[in-house]
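Presented sequentially are two complexes of subunit A, the first with subunit B as partner and the second with subunit C.
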Partner chain A sequence: MDLTIRKEDLLRELQYVQGVVERKTTVPILSNLLFETAGNSLVITATDLDVTLRCGCRANIKVSGAATLSARKLFDIVRLLPDSEIHFKAATSDWINLTCERSRFKVAGLSKENFPDVPSVEGKTVTLPAGPLRYMITRSIYAITQEESRYTLNGALLIVNPGTITLVTTDGHRLVLISHNCEISGIEGETRVLVPKKTLVELSKLAADDVLTIEFGNTENHLFFKVGERLLVSRILTGQFPNYELVIPRENHRELVVGTLQIGDALKRAAVMADEQSRAVRFNITENQIEISAASSDFGEAKETLAAKYSSEPMDIGFNAQYLLDFLQHADSEEVVFSLRDKETQGLLKPKGLEDYDVYYVVMPMKI
Partner chain B sequence: MKIADFIGNTRLVHLLTRGKLPPSTLFAGPDGVGKRTLALLLAARADCRESGGSDVCGTCRSCQKALQTVVAPASRDENVALSSIIQDHPDIVLVRPGLLDPAKEKRRRKPPFSIGIDTIRLLDTEAHYRPFESRHRFFVVDEAEKMTTEAANSLLKTLEEPPSTTSIILVTAFPQQLLPTIRSRCQKFVFLPLSRAEIAQHLTNTTSLENCQLRACFSNGSVGKALELDLETVLGERDEMLTLLEAWVTRPRFQTIFERCEKEPLRTKLRKKIGSMSFLDSLLTLCHDVYYLQVDTSKRVVNEDQIDRLRRISDGLTLEALRDLISGVVEAQQDIKRNVNPRMCFETLWLKTS
Partner chain C sequence: MKRFIFHVDMDAFYASIEQRENLRYRGRPVIVGADPKRGQGRGVVAACSYEARRFGIRSALPISQAYRLCPHGVYVLPDMDRYSQVSRQIRGIFHTVTTQVEPLSIDEAFLDVSGQVGDSKGALELAGQLKGRILQEQRLTASIGIASSKFVAKIASDLEKPDGLVMVEPENVQAFLDPLPISRIWGVGPKTEERLKGIGVKTIEQLRNLEADLLQKRFGKMGGHLWQLANGIDNRSVVTERKATSLSQERTFFEDTNDEEQLTQVIQKLSTRIAERLAKHGQGGRTVTLKLRYSDFTTLTRQISFRHLVCGSQEIQEVAVRLLDRHWDRRRKVRLIGISVSPLESLTTDRQLRLF
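This part shows the complex of A and B:
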């Protein structure tokens, strides 16, 4: 391998792949990047087996070849080099000589034979709009479970139909469903896949402002997303995602409309006095008014009263304040609608007047 | 290495290679008969790209990576040797007692002797992914009896019903130490000790060691033990015990034992628990040999090279005296395990015999 590459080109790609590189050392080769030459570009691959990212950047290639280099060390070196051409040259047995102006490095690599084979991506792809997908990821990722043992909840359910994209996340106590209507070409029928959390994080990074579309496809074991020149491959989670349609309540006839900011602020204040474990707050809803109260046996109690639009009979219900705040932070609307039935039925929350997206937030009530 | 080269337990190997493995399996059997090796080879075979599932080809990219894991972990580089998870092939994972992140942890503490819950939780999560580059994922848990109770319990759910693309193989020499709930979830395959001929053949073929036949005799049917055996020490201890036994048969008095125990090497070795245990092990083997001679099953005799001396001892001892001696040795071993003074145990066992 013998090639030259511009520092800024290389650094940009290295920044993308850093996030993917494995931090644990159970598989030493995964802390390395795989460099391969292809035509007149250098292909960089990083993987932690869950997520594989392959980037390409233009390079002037004299001798083709492949090598693996420590991702951290290389990033540290390249970051500090002057803005100039970097020259890579393979030396004997897995060593790489790196030269840039007056700096010279000799970097140890590992045998490229041990690097996992990047899954081949073939088959049909569909084109997804990048902006809406990123929006949907950021508005739903917070509800993914933190419990590693709940395997099938450790990701989002992505449903792609010819007319809609839907993303569903849940942790068993609350559920986010967000869908966007748009024309999607190249798809017949419905595709349903579980996308791991880490993939969503990397995908939203890749789908930055200047990207318009993402090519998406899946094979038996992998999902892949082509974002411009970059390719993100992810393993598929096995298992059955819960039947979310049964969870969304259909007969919640009591509607409460309230200002997002007002209820958010009231909740934050009331939650100070809530029990630290359960974060429970009580809603006492009467005509055009809500009283939010919280009490802790050790510290005392709090009461907040605010105006709301409500015309059904009065009711009491308890919620986890944190779950409501998570939703309110991402609501993007001036008002939110609570649809409730009684104190034992899950609540359905929706931002009011959001045009492009359908957002449903289901949250379980608490017994207080 | 190929499955065809696997030594011993031929019927079991045939059974295991005939069809698909059950999703959760337990390989039980004495140490050093190749349980872990076979588990890893079966995994490599299932993911091999060339041979079509008949054996490992050894040359494709998948096999090359998979076969690295088969090499004994202790002989590999330091981080790997201490690690609780070894994964050279993305879809074949070896789990064993060790540190989850040796690069960070090794300065802080000694490697644990158990498989902790962190490691098993990682296995649990990993098991629910589809394979990375092959058809099937394998998790081989070596020394599975060393899982802590919490770790074992956290594995139960996955073990009961692994995803269709995942197999879990537990490997243990002490299946009775596993939780009953673990055992009942696995299909058990029992490995038997190897015959002396098989071991001797294997040693002659694969190593440049001398005295292969003798090593095979002392190995208790375990290739691992035959390879590790420090033949010189074992033979030294054996000869020491043989002479003592001969002296006892000619002059069965406490004086005989006492005199020899006052001399080196017994004098220093008997002060330590480990030293006295290995002498007692040799003594027990000798007593068993004498017993086999008395009941005319001389082909089971371990110390074949000293068979004439053993015959003479056999002539001088009654079956009852031999029985007392054997039970005395076993009792002494148990007492030493419970921290009774080793020399005292060693000396008094002879008193019970006369």
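This part shows the complex of A and C:
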């Protein structure tokens, strides 16, 4: 292998693939990137066996070949190099000599024979709008469980049909459903797949500002997304995603409308005194007023009163403050609507007057 | 008030239950444990009758070795459900004597009878009655040690086994302890014993004659504790409710395995059993631990912790399988696999309600 490549081109692609490489891996080759020449491009592949990202960029190739190099080390080197041409040349065994102006590196590689194969994912694709997809990912990814035990909740349910895209995420305590109406070409019927969290993170990076559309397809075990030269392949999460339609409450007739910023600030202050483990806050809702209180046996208590639109029977209900703040931070509306029934039934929260997207946030109360 | 503490230890508990329930086992060496498979078996001796002990068999001995020592013995697979049932019945008898009962294991317990008896004579009488009731109601013998501390009572119960009754009066404690080897001290295992012997300490008397400071320096906090015990000082009280802090289940394979499917199946069974026991007590835990022991006896434990209480078999199983997937070195065969859930908490303390 003997080639030259512009630093900025290489750095841009390295930034994309960096997220796929796991910092802690028991398989050494997975810390490495695979570099292969193809025509007049350098193809870079990163994988953690579940998620694979393949990028390509223009290079001036004198001798074709392949190599694997530590993703971390190469990134550290390349980002510090001057904006100039970088020269890669294979040395003995798996070593690579890397030069750029007056810098010279000799980088240890591993045999490319051990690098895992990228799953083949040829097939029909549909075209998704990149901007809305990115918006929906950032507005729902926070509710994906942190808890690896709930394997099937470790990602989002993606539903695509000719008129809408929907993402559903949950951790068992709360659930986000966000959908966007748009015409999806190239699809018949409906596609439902479980997309792992990491894939969503990488996908939202690929759906950067200047990208308009993303090609999406799936095989039996894999999903893939294509953005120009870049190809993201992911294992489909298996298992039964919960029946989310059943948990969206339909008979919550007590409606509360409140300013997003106002309730967010009040919650943040009250939460200072909430029990650190449970983050529990208590709502006492009366006509056009909410009182939010929190108490910690070690530190003391807090009370916040704020105005709201509410005309039903007074009620008390407890929530994890963090769960409410997560939603409020992503609401993108001046006001939010709480639809409640009683202190044991899940609440439904919606941004008020949000155009383009339908957002449902379902959150289970805490016992008070 | 003078303290009177009983340490009641059932004699060859599992084997005695088997012998009382099977006429033809009586008077014969009974070994409860893994299937010996004519000397090829895996696993260990869980308990054995006194007849079997004459052949040099003791609990925790590999079953294959036991078989070599005594091929004509009666080998019985343990029936833990049955033994626990008997254990509960015996605990019931203890509770007719005093409410201050601290079960140590399935076959031994401390009883604080200070409120029931006024002097040594009364204590001896009560212990005799207790032994009589256990024999009459359960047709099993127990050995009882009586002393003013748990530590001395525990040593005393072991001295005249089986069917023993030994009382150590407070004024005789030192004379009683002094000649005993240090290994008799509760908490001195083979390693500590070796280290103590390294500094020339073999008997409790020698230990007592060391400077407490020196012991503390060499052995840390435990050193000070050991010195106190050697001097007959033990103020620990009988704790009636020791809260279980974890629930675990494990399985030793008859043959070491690296069959992933077999391991997964065992995980499923163990998870189900843990979940059933958790459900029975309305408990859950925030940490799930997987334990793997390889053929060469190296043991690995790996765990994941959560914010919520884990209690369902499905969830326990999923975590354990994930841990296995991530940490098991597939080139190595597994001898034992175990799962535990800890620290146990009542589910009612988890205030966050769940959607599903």
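In the analysis below, the second predicted complex is superposed on the first by the 367 of 368 C-alpha atoms of A that agree within 3 Å, B and C clash if a C-alpha of one lies under 4 Å from a C-alpha of the other, contacts with A are read in each partner's own complex, and residues count from 1 in each chain.
We adopt the following convention: contacts are C-beta pairs under 8 Å (C-beta built on N, C-alpha and C of every residue); 3 or more make two chains touch, one makes a residue touch a chain.
Quantities reported herein were computed from a predicted structural model and do not represent experimental measurements.
Chemist: Fit or clash for subunit B plus subunit C once both are placed on subunit A?
Modeler: With subunit A aligned, subunit B runs into subunit C, so clash.
Chemist: Regarding the shared-chain residue A:L325, is it in contact with subunit B (first), subunit C (second), both, or neither?
Modeler: Neither partner.
Chemist: Once the structures are superposed on A, label A:G172 by its partner contacts, choosing first (subunit B), second (subunit C), both or neither.
Modeler: second
Chemist: One more residue to check, A:K367. First (subunit B), second (subunit C), both or neither?
Modeler: Touch status of A:K367: second partner only.
Chemist: Looking at A:E113 after the superposition, I want to know if it touches subunit B, subunit C, both of them or none. Which is it: first, second, both, neither?
Modeler: first
Chemist: Touching A:L306 in the superposition: subunit B (first), subunit C (second), both, neither?
Modeler: Touch partners of A:L306: none, neither subunit B nor subunit C.
Chemist: Between subunit B and subunit C, which residues of subunit A are contacted by each of them?
Modeler: 26, 148-149, 151.
Chemist: Spell out the part of subunit A that touches subunit C in their complex, as residue ranges.
Modeler: 26, 146-151, 170, 172-175, 242, 247, 277-278, 280, 318, 320, 344, 346, 362, 364-368
Chemist: So in the complex, the part of subunit C that touches subunit A is made up of which residues?
Modeler: For subunit C paired with subunit A, touching residues are 288, 304, 306-308, 310, 315-316, 318-319, 322, 326, 351-356.
Chemist: Looking at the complex, which residues from subunit B come into contact with subunit A?
Modeler: It is residues 61, 64-65, 68, 79-80, 83, 85-88, 90, 100-104, 121-122, 124-125, 128-133, 154, 163-165 of subunit B that touch subunit A.
Chemist: What residues of subunit A sit close enough to touch subunit B in their complex?
Modeler: The touching residues are 24-28, 49-50, 113-114, 116-117, 119, 148-149, 151-152, 154, 220-222, 235-239.
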